[in-house]
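Chain naming follows the written order as A, B and C, and within any one chain the residues start at number 1.
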Amino acid sequence: MKVSLFIPCTVDLMMPEIGVAVYRILSHLDTRPVYHSGQTCCGQPLYNAGYRDQAKRAARHFIKVFGDDEYIVSPSGSCVSTVKQHYAELLADEPSWCDRARNISKRMYELSQFIVDVLGITDVGASFEGKVTYHESCHIFRALGISEQPRKLIASVRGAELVELGNATACCGFGGEFSTGFPEISEAMVKAKAVNFINTGADVLLLNEPGCLLNISGYLHRNHPQKRSMHLATFLAENTREFSHA
Amino acid sequence: MHNRVDKFKETARAEMKNELSQAFLLMLSLGAPIMRQIGMSSFPDPAAAEAYGRAIRTESIERLPELLEEFKKNAQAKGAKVIWARDSAEAKASVLDIAKKRGINYITKGKSMVTEEIGLNEHLISNGVDVFETDLGEVITQMLSRAPFHIVGPALNVPPEEISAVFLKRGVIKQPTVNPVELGKAVREYMREKFRYLDMGIVGVNMAVAETGTIINVENEGNIRMNKSSPRTLVAIMSIEKVVPTMADALHMVRILSRNCTGQKLTGYVSMDTGPKKSDEMDGPEELFIIIVDNGRSEIYRDIKVREILKCIRCGACLNACPIYAKIGGYPYGFSYSGPMGQILNPMLLGIEHTSDLFRACTLCGACKKICPAGIDHPSIILEYRARQIKDRKHQTLSARFENNLATCSSLAMSSSMLWNLAVKTVRPLFNSLAEDGYIRDMPFGAKGWFSCRNLRAMPDKTFHEIWKKLNLPNPDDVRKKETL
Amino acid sequence: MSSQVRNEILSKIKSAQRNDPLPRPQLPFLSERALDREQMLERFTAELTSQTGTVYRAKDRKDAERVLSEIAAAEGFKQVIAVGKNLQGIDIKSFGNSNGITVRTLADLKDREALRKAAFAADAGITSADFAIAETGTLGIIFSKDQPRLASIAPPVHIAIVSIEKLYPVYEDAVKQVFGNVNEIPSQFAFITGPSATADIQAISFKGMHGPTKVIVIFIMGQ
């Protein structure tokens, strides 16, 4: 099965190891990941900030790059949600692009959703001795309705104990420009998330949204440098012996 | 009420340092959604009940013109006097006129958000008609001249010491007390005298029923029933979107509203008034005025992308769900409506150009949309305001022009991987020159806010693009893509 | 002038683009409809009790007078206001005489002022209720010349006397009867669920804000 990787700009620029992990997991699960090197960014930052004309340009590029790919898989729920839930409206006044946007939205998958729902796999073969907890990112949990899938993947990790994060579905306070525009409010939110994480006693906070990860890991690095947060893909790839050195 | 919507950031900062506000916000954000959940789960099929409520609100708004006319016709047929007001000035003038013509000295009022929106109290008081709020929370906010902290509990956060002090000053109590029950009971006694000799009352309207011309109020304290029972003259003020088609719809919405508002299955009182009292009745208003206020709603209605704002039933569930409201409370929103409700409504009432912080202070987390019993998509409306603001201002100031150009440059880079990769190569050394031990801890420009509490990893040596290239994996597709792009 | 304003507002919204609302989903099922009388009574009692209300079952009107006397003695009523069409046949004046309570009925009240004076001075308001709704332990009262509004809201105790025949599962049962005939809609119909309440200061809740502190319902089970 050919799987087209959509690696969000945050991952491309700041956390490429997540992209590598996604590639490794999907290869390991007997799919054939491909990567269109023409891809850039889905345009979400522009769209969310209100720059719609500019976001349209990014959207058209995205649609061109991913063409007819049957399965487009991304380690970011908010990017998937942008394409799936906003492109058609964004391009509403350009009927042929709008049609293509509607069409491509049916072929977009968040990584955990793809592995569990499409591939029908919950156990990727990872093992980890320790306690982990899971943050329900807003766009994954609420916008895409994905929660069971990552939890199933985590539950199947041998040795790992999944403990519940207090107020797991609360926003971490990232919100793109929000985190820089309203730093005090954002800080209060990410601090609450960190406190809830620390209170679980878990070794690692897992999440599958790069934006949240930038925010939470940046906060932890400054304030609680011994605490770790990781993208679920990185966690699974690092803890699967058979392909961790691929 | 003083409109301070332009002070969002500084009020938010102050509120985040206010321990009492913080304690209540924590309690509210943890407790209120649970109360609501318990309330909703008392429906045999909560999802079906919620879907039905959303359908009622959608239909009510789509059929608004007919329903309003039907309501007016039926209310008048039952003897109510219906007055229409285009804006706050007309609405205020109507109420003042009614009071003056009847030689009214004082009025008591039930809780009504639209009267706060139009600044009715200030207008009446400055024209010699005293106004007493009677809902306990509103009594306190009125005496303190303060905006509501929360739509349901406007003074929840106010310390009893402060309440005691203002009650002493206003003669509500003779001896100081910090006991909430004693403070409440003192207001009961204070207001009983007002109700006992009342000539004119004002109430809001939770629902106006088209098929019968009935106005419905939901409450727990009994102050609205007092206002509707004791005086000869009653003025009910509603904005145009309050109308629902039928009594059956109203009953369903009362069930939904109670559960979403306070977690109750039903509020203590639901009073349904159709016209003034009959001639042989001993109490109830001899004259019932229903003032139907537009004040910007018809513009919202015509604005198809934001029309759904009018579906709001003012239950306050979105405030309790909002992670930002949970940190800052109601004051920063600076107007009658706070939280997500205010973030979508206030920009239309006060102007997008004046309310930027309201629709920017949002992470688009979608908690409001998920909880909304009226089915409003708050994040979409907030995104719409951002787009309109950018569209309106992009050529106006130098900084707006600069930001717009920056966005355009980004979008150009986003539409060409060659430019994208070139940009990365250019920015990376500059960006990473700020890093120490692989992390950036502050930045002299740009996204400075980020670094108030966070570090940022330096950009790795290789982007995923570059790593992929190095992996040198055969990818026949890229050959095709290169040709077409 | 108002008609001009009305036309302006209405024409603005009438000329706006219209969307057809989707058809309504199925009306949600109300499980209370399946309750029999005893179950309704249990549900009503449980719901009202949870709001600190009290429910009595009186065998007949004589028994109701006994219950009333017990309540009056326990609460120490000095004066009450009693309204409602013949109060299910209860002889309210004799109740007053035998308990040493001043009872004011509509016959004693000549106008609004007299009513207000009596209602605000009374220790209790005794009224009939036109409906009792099991769903939430709710009373439904039609206000009329026989049933002024203040009697159930101004005194600190509200005692409602209601025939068991008037106990229904859900609000709709009452509203259909009250609003069914467009020419007979009362000026006010109200649902009352327990005493008045607030939690506006420090989220500390207590009963008896502006209305009654206590609500007592006496069902008359037979004739």
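One rule holds in what follows: contacts are C-beta pairs under 8 Å (C-beta built on N, C-alpha and C of every residue); 3 or more make two chains touch, one makes a residue touch a chain.
It should be emphasised that the depicted structure is a prediction, and the values quoted were computed from it without experimental measurement.
The touch graph of these protein chains is an open line. Each chain gets a centre from its C-alpha atoms; the one nearest the centre of all protein C-alpha atoms is B.
Rounded to whole angstrom, the centroid-to-centroid distance between chain B and chain C, based on C-alpha atoms, equals 32 Å.
If each chain is reduced to the centroid of its CA atoms, chain A and chain C end up 55 Å from each other.
The touching residues of chain C, when paired with chain B in their complex, are 2, 5-6, 8-10, 12-22, 24-31, 47, 51, 106, 109, 111-112, 115-116, 120, 135-136, 138, 143-145, 148-150, 153-154, 171-172, 175, 179, 182, 185-204, 206, 208-212. Residues of chain B that touch chain A in their complex: 9, 12-13, 16, 30, 323-324, 327-328, 360-367, 369-370, 383, 385-391, 404, 407-408, 410-417, 420, 424, 439, 441, 447-450, 452-457, 459-460, 462-469, 473, 475, 477-478, 481-482, 484-485.
Only residues 4, 7, 9, 11-17, 19-20, 34-41, 43, 45-55, 57-58, 60-61, 64-65, 67, 86, 138-139, 142-143, 167, 169-171, 173-191, 214-215, 217-219, 221-223 of chain A touch chain B when the two sit together in their complex.
Within the complex formed with chain C, the residues of chain B that make contact are 24, 27, 43-45, 48-49, 51-52, 55-56, 58-59, 62-65, 68-69, 72, 78, 82-86, 90, 134-137, 140, 153-156, 158, 160, 163, 180-181, 183-185, 187-188, 191-192, 195-197, 212, 214, 220-223, 225-226, 228-230, 232, 240, 247-248, 251-252, 254, 265-278, 280-284, 292, 294, 298-299, 301-302, 304, 307.
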